[in-house]
């Protein structure tokens, strides 16, 4: 099992230092791929855009999810909590591919949203800023990762001893200040987990940018796929994979370090 | 806290919006996926029955799903038991490495497996997809099974041995029945993940596509879209049935051991 | 009476950690034996060694004369009541009790009958069809007992069986366990950290510290003549006063004791075979008593001042300092209708007896 994982990762690392000429692989070590990845603007654009989109998706998803987790944990009676969690998770048992595609249907020029709003007379001409760009990618991914953010935050909130909140109010803090001084810091482990759970996989997402992203919404995964399957430049694809992984790891570590006081 | 409840309901609508559109359009009598609706039809469902490529993809996906789910659940049982019962050197790093695919972008898993298979000269078949899917499903299986195993009192097994059972007897008579709900849940979740997984299958599949790969290929043809919608609707129904079965087993497990119901899966 | 269990030179290492440091122990058939000590002293490890869940690094374990070195836990004539009871939650009460009987080759009817008898014995007659997870703590305890006793083991091992129960329930189970043990005549080995429990229930107690047996004796002996200062401290309350040896005669040793003055202590008050440690003597709270006004004295008397007191209803515990000493001394007094409860700061006199002084082994 470990080998199944370690060998591929090692290979991809090795690959990134090789080069390919049509179908033959040259195994002399070279930094050519990395040099190209850093100097050729197209790779830089893809990498930075991926990081940017992932970042925005993460923030949007977590910010949208927190009130839901808070609501279910604090305002739903205990016997109905399971039902709510069940309701939240159900949509995610449907094909991810179809969900991403349906967002295309919803957001498209003749899509559900536009035709609906036109039909109701709210707008006069179709909205175009919501498909085939990064906005569409963000909406779709924020939808796709919703339960993965709600659940860890919910679990962290559930763990908070309710008497701590009463203690805070007993010591003279109002509801809002209790939330910021007690609830939020104690929920941070869940928020941190949720952030990483969204941020790391979204970097590598292929389907959503391809379906709803348009040319300006494509991400690094699409480029990796192109390198591997279309341009027959596996080493370049490998180098990009390594770079993407490295960037994710680095940002995640920085993020963890910045939040270390919450994670004892 | 009324505004919070309103927000929660709006959020749920956002969550359900795409999923609810699926059945709506699958019964819509028009080839264009747009409002207003054109009337009711079941022709898209009937059409599905005639596509043999779809049937092949479905069979292939079921096979891959069942094998991957079985493999990852067995691996999960071993790993969960090892991690909750035994101490061994480098336990934390080893467990961490096994759980890595949980956070590794899937495209990385896909391309790295592809590279290795290319280098070793393997041809791409269903088994290469199974390999990839087992790799990404195992961490989920371990996570689910670990919580089942952790909830067990260690002395239950010792008590069985003390009362005359062998180690294996204690495991099969006491531990296995108590973790059965976890095993069922792990299997179903791994199966669902495998059935739904696209990118690894896309890279590693050979001549026989899996269901998501087939759907992907159909998305390019606008004329095929209504039947894809119909297919999606059937898939939702299937997942709901599977989920209900899983939930039933979970509840039964809880009832049998008298534990407190602490919410759903995951 | 013959030994049902005989341990000699038992050593147990976990890596570098020396958990059992040479345990020698003989337990007689039918005895109620307790292993008493603070957590981490090795008492549970020793119990698990006897049960067969832990191997030994060195030493010999005989169970009814047979060497147990190569006998696995499921083949040993011992059964255990676990601290958590380990009731199988997916089985009924009856199935739990009958669990071990399946290996005995009994018929279905005989099994059911034996299980029903065992349940009756622990006061749970008619509970056979109940779901195990629906039981209360005390009932689980009884099921665990029935499940072990139904196999008629030569030795029943109890690992802190009462620690999870509340005080009332615990007291009730203590006397019930005692009664049950007399009734079935099986050797019981109880592991506990509760000295009171050990005193109440046991025929003999081994007090353990850091993987060694510090003292093994009857409850009375243990209370009255703790071999070391640590044993004295661990069991009940004990006061310690500095003492200087001033002379010896054939049958007594003379001491000058802090706050009490000269004392002649009989040789027979020393722990057996030990040389007296001369720098401290111990005395129990009840070995001193406060002389209330007008009370006549029959023994030795010292002056004291009440520093603090704790009123328990039936008893009052006074903390006093003796004249010429700053060491606080605890005195327990029964509250009688004729006795006032003294206030803090009261000057009083206390009466003591040379025969109740305890000298420890060096």
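Here the chain labels run A, B and C in written order, and each chain numbers its own residues starting at 1.
The rule is simple: a residue touches a chain if its C-beta (ideal position, glycine included) is under 8 Å from a C-beta of that chain, and two chains touch if they have at least 3 such contacts.
Quick caveat: nothing in here was measured; it's all calculated off a predicted structure.
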{"item": "Interface ranked first by C-beta contact pairs", "value": "A-B"}
{"item": "Most centrally placed chain, judged by C-alpha centres", "value": "B"}
{"item": "Interchain centroid distance [CA atoms averaged], subunit A/subunit B, Å", "value": "19"}
{"item": "Distance from subunit C to subunit A - Cα centre to Cα centre, in angstrom", "value": "60"}
{"item": "Whole-Å separation of chain centres (CA-atom averages), subunit B against subunit C", "value": "55"}
{"item": "Subunit B partner contacts - residues on subunit C that touch it in the complex", "value": "51, 53, 72-75, 78-80, 82-84, 86, 88-90, 99-100, 102-104, 131-134, 147-148, 151"}
{"item": "Complex contact set, residues of subunit A against subunit B", "value": "1-2, 4-9, 11-12, 15, 64, 67-68, 70-72, 75, 81-82, 85-91, 93-99, 101-103, 105-106, 110-112, 115-116, 119, 143, 146-147, 151, 196-197, 200-201, 203-207, 211, 221, 224-225, 228-229, 234, 237-238, 241, 244-245, 248"}
{"item": "Parts of subunit B lying in touch with subunit A, wherever the complex brings them together", "value": "1, 4-5, 7-8, 11-12, 14-19, 21-22, 25, 32-36, 75, 79, 94, 97-98, 100-101, 103-109, 111-116, 118-119, 131, 134-135, 138, 192, 196, 198-199, 202-203, 212, 215-216, 219, 228, 232, 235-236, 239-240, 242-243, 247, 261, 263-266"}
{"item": "For the subunit B and subunit C complex, residues of the former touching the latter", "value": "153, 155-156, 158-166, 174, 177-178, 256-259"}
